[in-house]
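Structure below; questions to follow.
Chains: A, B, C and D, in written order; residue numbering restarts at 1 for each.
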Amino acid sequence: MMGLQLQSDCWLIWPVILPLSAALVAFLAKGQPRLSGLTGALLTALASGTLFLKVVNHGGGSYDLGGWQPPLGISLRGDGPAVLMVLMTAVTGLAISVYAGGYFQSRIAMGGKGRRHIVQERFFWPLWLLLWGALNGLFLSADIFNMYVTLELVALSSVGLTALSGKPASQVAAMRYLLASLLGSLSFLLGVAFLYKTHGSLDLATIQAALALSPPVALAMALISVGLMLKCALFPFHFWLAPAHANALAPVSAILSGLVIKGGWYLFFRFWQGFLPLVGDGVVVVLAGLGGAAIIWGAFQAFCQQRLKMLVAYSTVAQIGYLFIIFPLLAIGAGQGAAAVFYFAISHSCAKAALFLAAGSIFLQMGHDRINNLDGVRQILPITTFAFALAGLSLMGLPPTGGFIAKYMYLSLAVSQDSWWLVLVMVVGSCLTAIYICRAVSHVLSPRMVAGRSQVVVGASMEWSALALALVAILLGFIAPLPLGLFEVVG
Amino acid sequence: MTGNESTGHRRGMGLVPLFNLVMLVALFAALAWGYLAPVSGSSGLAHRVDAALVESGVESRVTAVLLNYRAYDTLLECFVLFLGVVAVWSLRPFRYDRHDPSPGLILSSLVRLLVPLMVLVGGYLLWAGSNQAGGAFQAGAILGGAGVLLLLTSSPLLSALPRGLLSCGICLGPVFFLMMGLAAMVLGRDFMEYRGEAAALAIVALEVVTALSIGLCLAALFGGRRPEAGQEGAGKAVPSQDGGEGR
Amino acid sequence: MIWQNWLLVMILLSSLVPGLIIFSLAESRHGLRTTLNLFGAITKMVLVMIMIVGIHQGKSFAVHLVLLPGLELVLRADLLSALFVALSSILWLFTTIYAIAYLEDSPNRSHFFGYFSLCVTVTIGIALAGNLLTFLFFFEMLTLSTYPLVVHRGTTEALAAGRVYLIYTLAGGFCLFLGVVWLHVLVGPVDFSREGVLSPLVESHGQTLRIIFFLLIAGVGVKAALFPLHGWLPRAMVAPAPVSALLHAVAVVKAGAFGIIRVVLDVYGLQTAKGLGLLMPLMLLASVTIVYGAIYALKQDNLKHRLAFSTVSQVSYIALGISIGHPLAIMGGMAHLVHQGLMKITLFFCAGNIAEILGVHHISRMNGVGRRLPLTMAAFTLAAMGMIGLPPMAGFVSKWYLGLGAIAQGQGWLIGVLVLSSLLNAAYFLPILYGAWFKEPEGEWPADSGTVGPVESHWMLIVPPVVTALIVLLVGLLANSGLSPLAWVRLIINARYGL
Amino acid sequence: MSVPPALVYGLTGLFLFVAGLAGLISCAQLLRKILAANIMASGVFLFLVTIGHGRGGVIDPVPHAMVLTGIVVSVSSTAVVLALACRVQETANIHDLLKRRAGGDRE
């Protein structure tokens, strides 16, 4: 039986092991970080794709590491949602990697202060690959303490990436990010301790099967929830997000906003799948209320921003809200709510990463990202601005995009539940999103001519990778049955 | 921190501290309530750990958990350390170069005396770990301490190290962990599946290498910046001038 | 048969593919761009003709794409969509020809024609939409593909107009979105071919259905420029003339009007809508819009603004025809969909010519234009007379049926509205005609670009309005023949209500 | 009636957690915040250790292993946060210096 398992499910470890190994190689290969990093990214994406195909063809599975079955050992669980997230990370991550290759090439070619960009690239690849491996580990993990370790890996590598740009603003932001993240981790860990105390197991499935509402469990729920909310910057814990995401290097912003946030949220969702049946409506409504507040407040803040990257970052604050307002709607309709929110997460990931990549290219080309002075960048970077506009469409939830499908599912769930306040929040939020995206797009796509840097410094790989991601966000509007069919697969 | 430059300013006395206090007391009360509430059932994993101890190849239960049952956690933990070093090294070089006074006779002779002793103690802890308290992490911490002492006194021992060695040493732990895990796979088992006789051997090897790597990583973390950062592009790494900031 | 299903996709692709290629063309590839444009337009015409012949022979065309379980994109060609598709593809051809000449030597043409093609693709998509979701899908995309055209000039004024346009249409879009989702939750997918799915719900969910109707009409009403939602239209006049022509005659406003037809007739069904008492408010709204638009048109001195308010007024005839609820009135309304398109596009071509060739934008400066631009002004005159509703022009035919329907439905007072509107039309068009033909020009034109050969200017600027004006005349004259739009509309009405 | 030591340790651990949280929130200085976070971590670790001792004399090694792992993770984070703090502090110092110098020029 053990041997059988080895044959079928050892695919689960490669998306974790490969990027981690590639990070070591990229760190040691000082002369060729880009080559080794890109190779590692490609291999990781391939491993993730293989896992996806395996799960599509043969159903999900789990892998007991070291051959020790839980609760003694740790297992990796490859069910539909986990594999979807791994695939999402692979698609987004690959595009970001290609972009990063071009980005550092352009930066180094531009010259500037000493070897700064060379050093940045040298450390970017190991950090990014570590982050990728940690994220995959987080998505696949079935053990709550292991989740803590992967969370810490994710947090530390994200902080390292945030501070990579070397600007004082980014370092202060990284500092705040790290402190918030530490607080979140410790809260999470204390929650884990309480859960272990009551259930004597660290396996999430075992715990959730035996979960009953008692003081320590309630406490553990609260601690874990707050910890993860801090990690994914749900309102009112969003204070650290915007400066950290906006001041980082372009590929890093995309990684942070597109992927890292989803890690914390994914764990939150996994835990709450077990918690939901235990709690009353009140708690769930509070969660949704925070989500709604995030949507409105984030969108308002985004509208007020003068800098493009800040706008996109605050838009992340707002979009996180959508990941949480789903909770009152989860109980009904055979997993439709879960399908909707995962679809939202996936399409947001592609769209947001594309937005940040495009914004990064625009920043690099223009030398600034003040929205009001970006008129006419279309003439210099047609593909990038097109990608920006397309990704914006998905964010607004307009057809034909993945965002549209997700919003459609959201709205129909809310309407069928008579949750009119959610409908109101979503409609108002969508209007605000439309307003701030259009504000940016109308400048970026403006036909006016402006004098800018005449020489194009943005490489083709940067332009096309952003466009590719935006196109994936569009494509998601047409292929929804495919990923959502996978969603039903159990581990 | 020698400077007195606090970044913020004290808030005026008012209701805010009182409110904070009340909230914190309430939090503590809630935690204590959760802690003290009677729990039925669960007995932890102690029995399972004991039952599988024979297979695990070690006698110490904690070591068995760390390096066999939950070896995956430990693998990731090695990556956390490695990541810590990468993250610290990736930071912008630290310009604030305080001129270190020379260590002085007492400190340097103490170091000369202490460091070999610490290495010895580390070795003992490693050996002891197989059946009692101790093990790779404790040993690694001691070794790291020795490294810190060397850093503090700018020992010439450090500057004698070849340039690439430090990087390799940092990677050593994770690399070795991964290789052992994959070796198990090559031998037809699961990833990181160690059993019986072979397990004992594998775990001892893992412990030694992990201890070394942890010691090195801790010392590197203490350094607080990448070795060549002090002199961008210069030939030799001289980590000895990096001490002090982490204090 | 396979080709039947792919025909609809081909019709969409025939403008989408050239559009996408044009996007990637360099600005200087004028010849290739023109070729692509014309090739696309002509291919589409041919395909549409094949489709119409097929429909006439009783073939059915439909394509499905499952977006989600229960959420399908459906393209289906029925009689009504054929009407709109035919109108769009014919007018697209003329507008393309016109735009090529109009925009000669102006910057950013690749972008312009790219979005132009997208816009037509989306409009055809709206026409062919087989269910409410597909309609919504293309309707939202229409906003996005027209916005770049509105701001094409890039002036501060254009950007401001674009902003207003976006705010109106996106807000409307969200209303429509909500209505569609709500209806979907209530009754499942709403297919246009299954009229009357809502009738069982009239008793139990009457109030909900009224709210949804309001949301849907608000959504499509923004684009159709119904009275309180028309604010964007006059501002959008800053766009180049071909864009205005397209927006008013084919794409945006017409799509909104088409949406009203779909919502009332195909989603709710005439009986259900009547039963819920939804038609009366719509009728009032349409009447108010007709009179309001006409009065405001009278106040404008800028020619394009006058035409814009005239559109506000005229498009509401369509809504009026539908809301009267009598088959004859519906026939008038649907016929007006085509007639108004033909007339309005002619007027905008002419206005564009007057502005482009002579630099004249204001009616007060138009005295004597007829001597300098006889062909253009002749076309203008024909179209304006059609607008006023003078027989035998096209406009007369639609007004006639509207009136007949109103009387048959017992809403005689609407005759008053029609007469009043016609008088106002006359009041704002006849002075222009009089001035242009019979008054002396006041000195030099601000910017006369000179004649080219025997005609007033580039032939591509002159031929489209002249041809469309002739069509306006022919459509009115031959209204009873088998080939006129009216005949087609009669076919629709016969199939639905057995006139 | 004697209080079991595990209880005392557990409560102490929780107290340290709360105290650390208080410090993290209210201290303005970076270094103090970092120390406070470390105190929080120590509290959690202490709490974890007591969990392993709770049940009838049998010592559960899993929480111990968790603590060991947790400590390493915490050391790593602390090192990164300290290294970052140095940079932030340095930048602040430079800004301070520049500001002071600029002010001096004006006077």
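Everything below uses one rule, namely that a residue touches a chain if its C-beta (ideal position, glycine included) is under 8 Å from a C-beta of that chain, and two chains touch if they have at least 3 such contacts.
Remember, predicted model here, so these are calculated numbers, not experimental data.
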Which pair wins on C-beta contacts, B-D or A-C?
B-D
If you average all the Cα positions, which chain's own average lands nearest?
A
Taking each chain's centre as the mean of its CA atoms, how far is chain B from chain D in angstrom?
16
Just curious, how far off is chain D from chain C if you go by their C-alpha centres, in Å?
68
Could you tell me the distance, in whole angstrom, between the mean C-alpha positions of chain A and chain C?
43
Chain B and chain C: spacing of chain centres that average the CA atoms, whole Å
72
Contacts with two or more other chains, residues of chain D listed in rising order
17, 21, 30, 47, 51, 54, 62-63, 69, 73, 76-77, 80, 84, 87
Among the residues of chain A, pick out those that touch two or more other chains and give their numbers.
145, 149, 152, 156, 159-160, 163, 171, 190, 196-197
Of all residues in chain B, the ones touching two or more other chains
31, 35, 43-45, 49, 70, 73, 77, 80, 83-84, 87, 91-92
All chain pairs satisfying the touch rule are A-B, A-C, A-D, B-D
Mind listing the chain A positions that touch chain D in their complex?
145, 148-149, 152, 155-156, 159-160, 163, 168, 171-172, 174-175, 178-179, 182-183, 185-186, 189-190, 193, 196-197, 202
Contact footprint of chain A on chain D as seen in their complex:
17, 20-21, 24, 30, 33-34, 37, 40-41, 44, 47-48, 51, 54, 62-63, 66, 69-70, 73, 76-77, 80-81, 84-85, 87-88, 91, 95
Per the touch rule above, chain D residues touching chain B in the complex are 7, 10-11, 14-15, 17-18, 21-22, 25-26, 28-31, 47, 51-52, 54-55, 58-65, 68-69, 71-73, 75-77, 79-80, 82-84, 86-87, 89-90, 92-93, 96
In the complex of these two chains, what residues of chain A are touching chain C?
393, 396, 398-400, 404-405, 407-409, 411-412, 415-416, 423, 427, 430-431, 434-435, 438, 442, 445-449, 477-478, 480-481, 484
Help me check something: in the complex, which residues belonging to chain C touch chain A?
65-69, 71, 107-108, 111, 136-138, 140-141, 143-144, 148, 151-154, 159, 162-163, 166-167, 170-171, 173-174, 177-178, 181-182, 184-185
